[in-house]
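Here chain A shows up in two complexes: once beside chain B, once beside chain C.
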Partner chain A sequence: MIKLPISDEQLQRLQLPARIAGIVGSALMAGSIAVPWSYDPDALDDMSFAMAPSPLQLHFLVLALLGLLAFAVPLLGRKRLGKLARLAAWNAAARTAAGGGAVVALVAIAAIGIEAGGLVNTEPGVWVALAGGILALAGGLLLPPSPEPGLGRMKPPRWVQIVVIVVGLAAVVFAAAYALSLSEGGEFFLFAALAVALVLVLKEWGAFGWLSIAAADNKRVLVAAAFVAAFSFPFTQGGSDANMSIAAQVLVFAATAMGLNIVIGLVGLLDLGYIAFLGAGAFTAAMLSGSAFATINWEPPFWLTALIAAVVAAILGLLIGTPTLRVSGDYLAIVTLAFGEIFRLTMINLDGTDGPNLTHGPNGIPGIPNLNFFGFYFGDPQHLFGIETGRFANYFWLMLLVMAFIILVFTNLNRSRIGRGWVAIREDELAAEAMGVNTFALKLLAFAGGAFLAGLAGAVRAHQYTSVVPEQFVFLESAFLVAAVVLGGMGTVMGVIIGATILKVLPEKLRFFEDYRLLLFGLLMVFMMRFRPEGIIADERRQLEFHADDEELAEEVELELIAWHDHYNPEPKGH
Partner chain B sequence: MATPTQETTGAVAVAERSLLLDARSVTMQFGGLKAVNDVSLQVHTGEIVGLIGPNGAGKTTFFNCLTGLYRPTSGSVHFAGEELPPKPRQVVRVGMARTFQNIRLFHNMTALENVMVGRYCRTRSNALDAVFRLPRHRREEVESTERAQELLDFVGLGKATDTLSRNLPYGDQRRLEIARALATDPRLLLLDEPTAGMNPQETRQAEDLIFRIRDLGLAILVIEHDMRFIFNLCDRVCCLVRGEVLLEGPGQVVQNDPRVIEAYIGMPATDHTGQPDEPERGEDGNA
Partner chain C sequence: MDFFLQQLINGLSLGALYALIAVGYTVVYGIVQLINFAHGEIFMIGAFGAYAVWIVIGKPTGWDVGPSLLVLLPLMIIGGIAASVTVALLTERLAYRPLRNAPRLAPLISAIGVSVFLQEAVRLFYGTIPGFPDAKAGFPFPTVTGISGRMVEVGGVILQFSTLFTIGALIVCTVGLWYFVNRTKVGRAMIATSQDPDTARLMGINVDRVIMAAFAVGAALAAIAGVAHGLRYQTIIGDMGFMAGLKAFTAAVLGGIGNIYGALVGGVVLGVVESLSAAYLGGGSAWKDVWAFGLLILVLVFRPQGLLGAKVVDRA
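The block that comes next holds the complex of A and B.
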């Protein structure tokens, strides 16, 4: 939080004016959508009409109204509010909504300026929105800090939790479908900014504490609902394959990142050559695919191919891990980076000039046929519920199954004796060894296990991309995998999926930025390392490791742990 | 207070004291420095043996030689008749567990999880058991959790189950480290300065805990600087000076030996870093 040079007493006296400023500012933001934002109808999604807001302006209205609500509710007074006052952090939510509104208005101004060719194309509406946002933000900053929201300790009836989970997931699916349907550039960027602002407002308000309890209480419902939501995603695309191709790519990328997450997130080893395992799986599957260019004249059924590909990758993991895992830290990173390059160069050189021709060298193996899995041909569009879905939807669904398996492996290993051993290695390897933990075997297991999962993803990828070429497995891909894990949150499932999605979708939707992609990406990484090294979604233990001196955080996490313990073991412990 | 009910630690009656640890002529050389020189030491079942000596005498180095963190330059270590395996984790499996002079807990794990890590070497479930939640995994998880909670109760941390170990007070961290070591079902427990930094009351509690551990049938080898603590506790005391055994014998004998007193007091005060008072007090108390 920003600390203002004002005493608490002054803050108390300023509270009412600040609140009024916030309300006026939020009302200005809400009202601004009645006025055109842009002169040029082609900029963004046509914000050139008065009294006829575009979809994005309507989203902005939601944010503004939420801010208005958060500013206004505490005015009712503690008495009339009763429990409601303590349940949610109204002031924090109001501040975030105001700040988010101001940022979104700025993004809109910039987008209109760039797309329409000059700020002269902006109309007063967007400036009113910006002014309102700044005014509301100023009011919000003068409000006293909110007490800890009580939502996290509330226990609502079961059906309310389930309804919220289902509605929330449906909203996520529609938001994702809508985001993908937006054209590249400003429109997408503006929507992303709006979505992030909305999520942050809900977080500050205290909804996440409530949600995490609801999620923990209804784990099975949540998992099933999330799976159904993901499964139904292709139906929102109306048979279009363009976005499904991106979605299937995201899943392959995320599945590989989840494998790497075992190595980085759970054991804390930095592997900079991880793409080699995906490559090993992909090349193995390609050689066994029955393509005209396949170098092995044997075409086993796909389940066997996938298994062989995964095992080959795991063996490669063992081969690489046995010598390299004797070094640690930076040395391990350098050695694995080298092995990643060795893999790529080996694939380029296995072209038959010296030794066997396995890969056709730099040309790779093209023309890989679509999968034919238990009589289900992946090249055909499917007709389900009267909606046609394309070829990539098939791969999307297959990857969804693979992903479910990978998540199962990840979470169950994490919560086992092996997972505890991994944490112990991360915390103090020597002490772990002295307590009887076989540190080398456990590190090797993580390496080989992660490689196995990556190989599995690689087998699907070979068919989905229809060609496997050594140049698909360059170092930059490994770097992106590491980035997805670090950005999303080491050691978490949701975090890595989000991180992988961001890193795959943003480049697709921000093509105009392509030349500066790596610059942007580097800046993002630096920013994350400085301000939130534990990633977007933090694993609690990881968070503690990154903030070793933060006593407050340690207390907080512990209180949470004890609260959870009591939540699940209501009867007093009888020892 | 619940007591652990593990077969290996359950045998309280020790009629015949058999030889457990047998270190012969252990020497550890770092370049030109002999940190431990020709040290022999025996520990029998049910015995508490103290290892004393001024700072830099090689006590911790000797511990590291016993537990596989260092491989002795020469000499041999036998445990229960067998030669000691070379790696720390194998040493633990054989039945020898240790604590560290500067506490080495897993700081971001809860007390319970710390102790459960100690159970690692006594459980067998593999990756497949864990991924598919097979019966062996489920049985071992329940057993490990129960045993870890039992041990927490035993050392007096029964209420701190979900406390992060870094949030525990200093004395409790030392006790947690002992619980973690006990979780490996040792027959010999090596304690490296278990009362360092404790106040007199905590020291008494630690003393009591060590007696209770001995009563479970474990042998204990303990490094300490607190002389009152060591002479209250130990059946036998071995005094190391500059890497060599100066004297070994019952507490009374070692305590009154002029050479031991000289080894402590006769050295420059700067070498003692806050410890020179201890032997003096011990001497006065018996004069």
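The block that comes next holds the complex of A and C.
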């Protein structure tokens, strides 16, 4: 939060003018969509008409109107607002909406300038939007800070919570489908900026405190709804396979990252060769797949193949973990990295000349047939509810099941005796050992368990990608997995899913900076570690570990824990 | 016998390269307990820095032995060292120092980020400087008259001059390193800091400066290794740091990480093992990297403190 060098008294006096500036700025942003933003109809999604806003401009309108609302509501006065004044942080939300609007307008200007070749192609509309955003932001910064929103402590009726959860998840599905349908980088980027701005406004307003209580109270409903939402995602694609391919890849990536999350997030072991376990599963499944290039002439049913693949990966995990888990954590990072290289080189060398022919060397095993799972053939498009879905949708659904299994394992382990042992090891291994935690066995369990899950994901991946090549399992892929865990938030489920989605979808959609992808990726890792090492979604305990000397944060976490405790153990009234 | 000696010499010069890089890992680890994952890239930048000097002084090719060895080679080495040390100090300042009190995972992940960033930065932008070659593919390293392409035969064993240069560089650097560590103020401060940073600070040692010195020394030796690599293989490429760095780290662990002389011994042993295993073990050179990494795992099982004993072993 930016602090202006103005005393509180002056802020109080400036409040009305600031509010009016904010309202005028937001109104300008809202009004700007009636005027063309771009001269060139090809830039973004055709913003060249007057009085006929494009979809993206309409999304912008939502943000502007939210800002307008947040600026205007407190004008009603504390008395008339009553409870509402203290429930939500109106000023903070207004400030965020204004700032977000300005940033989105800037992104739009940049995108039009790049796509249409020069800023001459911008029309007044987009500049009005920018000016409005800056004016509103100036007003927002002059508003006094909001008190902590009280929304989180309000308990609405059950059905309201459930309706909000369902509507929210449906909105997420449609936003994701819409984002994937945007083929051009500029449009996608603009939409992403809008979505982030909207989420931030809601967060500042206080909605997330309320949501987290609602989610905790209706955990089963939430989980069920989330899976129904994810399950229905392919139906939004109208039979197109291109986006489903990305979505299925995201799920494989996320499932693997979830396995790695056990190792890194819970136990704090840095595994830099994790992709090798995925590779072991994929190669095993490929060899047993019945492809014309398969090297083992045995084609067991897929459930058995998947099990064998996972067990092979887990055995590799045991082999590599047993010697190295006794020594320090740094060694483990490098040994796993070396192991990843050994795996890749071995797969290249098992080509028939340098070793027995198992993998066809650098060419790998192509032509892996589609899955045939209990009579369900994955190559066929499905017709459900009158909507056709393509081949990748089948893999998407299968990976969804695998993902559900992995999340189930993860969350249950996290809350069990084993999970507490893991966290103890992560925080202080010596102390954990002194308390009687069998550190070696627990570390080995995490390591082999993570490998097992990766092997499982690898078995599906082999069929989904239809070919397995050693070069799919280079070190950089391991680094990407680590990055997904770190970016999203070590030790969290939602965080890692978000991190994996960002890392997989962004490069697909932002082809124009493909060259700079790795460069930005390296910078991102450094900046994340420097400024937000706990990731986008922070595990609270983890956050405290990273900010050990932050007293305020410790207090905040403690207060929150007390609030949760009170929420679940209400004091009996009338004493 | 000749074949064995030949392989031994090859292994020694390869090992000398590893040893020069490994020192950088070990001095930094001995003081801040950080695996500087980006050190392989520092080695690569040393080679590219030397190449840049060669371009700046007008791409001389046909110089006589005298000026070539007395002017060109030292200039290239100095250029490489300047580039490496600058980049190493910058990464220390920007990416590692802010994380010095963070949990152990944070600086290591940051180091991976630095490694990827440096490799990509060189790959993408080296060629955009006017007159510089594109680093996306490999390009030939300049020939230094007097070293490149010359060889002598001693009793059936062929000695490339570039091989001799690498081994010689290792010997000179070892002596220099010994002098620096034992006879200079900064070197002794380094030893003190690695033994006990808090006490060293109480004794008036500027620990920040000592850490910078450790990064600088490691980078300088890596830059010399970069030039030696260029002369030996006659080609350099933007991603040459990854594998070399990994091997050098293996060498550092092999000798006992944190122990400077251990890194030198570990490097030489690793080079010889790699060279001999390629020559004598089944499968040939396709498997040599596998043997090298297998050796790392074996050492960790049976002698985790390394050949010469590590200063710090059990730090989680």
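Note that the second predicted complex is superposed on the first by the 567 of 575 C-alpha atoms of A that agree within 3 Å, B and C clash if a C-alpha of one lies under 4 Å from a C-alpha of the other, contacts with A are read in each partner's own complex, and residues count from 1 in each chain.
The criterion applied here is as follows: contacts are C-beta pairs under 8 Å (C-beta built on N, C-alpha and C of every residue); 3 or more make two chains touch, one makes a residue touch a chain.
Nothing here was measured: the structure is a model prediction, and the numbers come from that model.
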First, second, both or neither for A:445, with chain B first and chain C second: first
Partner chain in contact with A:341 - chain B first, chain C second, else both or neither: second
Residue contacts with chain A in the superposition, chain B compared against chain C: C
Which of chain B and chain C A:303 touches, first, second, both or neither: neither
First, second, both or neither for A:264, with chain B first and chain C second: second
Partner chain(s) touched by A:174 [first = chain B, second = chain C, both, neither]: neither
First (chain B), second (chain C), both or neither touched by A:557: first
Partner chain in contact with A:430 - chain B first, chain C second, else both or neither: both
Residues on chain A lying within both footprints (that of chain B and that of chain C): 430, 545
Chain A residues within the chain B interface of the complex: 408-409, 412-413, 416-421, 423-424, 427-428, 430-439, 445, 449, 541, 544-545, 554-555, 557-558, 561-562, 565, 573, 575
In the complex, chain A residues that touch chain C: 264, 268, 270, 272, 320, 323-324, 326-331, 333-335, 337-339, 341-342, 345-346, 348-349, 354-355, 429-430, 475-476, 479, 482, 486, 515-516, 518-519, 521-526, 528-530, 533, 545-546, 548
Chain A partner contacts - residues on chain B that touch it in the complex: 2, 67, 69, 87-89, 92-93, 97-98, 100, 104-110, 113, 116-123, 125-127, 129-133, 137, 140-141, 144, 149-150, 153, 158, 161-164, 166-167, 180-181, 184
Contact set on chain C toward chain A in their complex: 29, 33, 35, 94-95, 98-99, 101-110, 112-121, 124, 242, 246, 249-250, 253, 283-284, 286-287, 289-290, 293-294, 296-297, 300-301, 304, 313-316
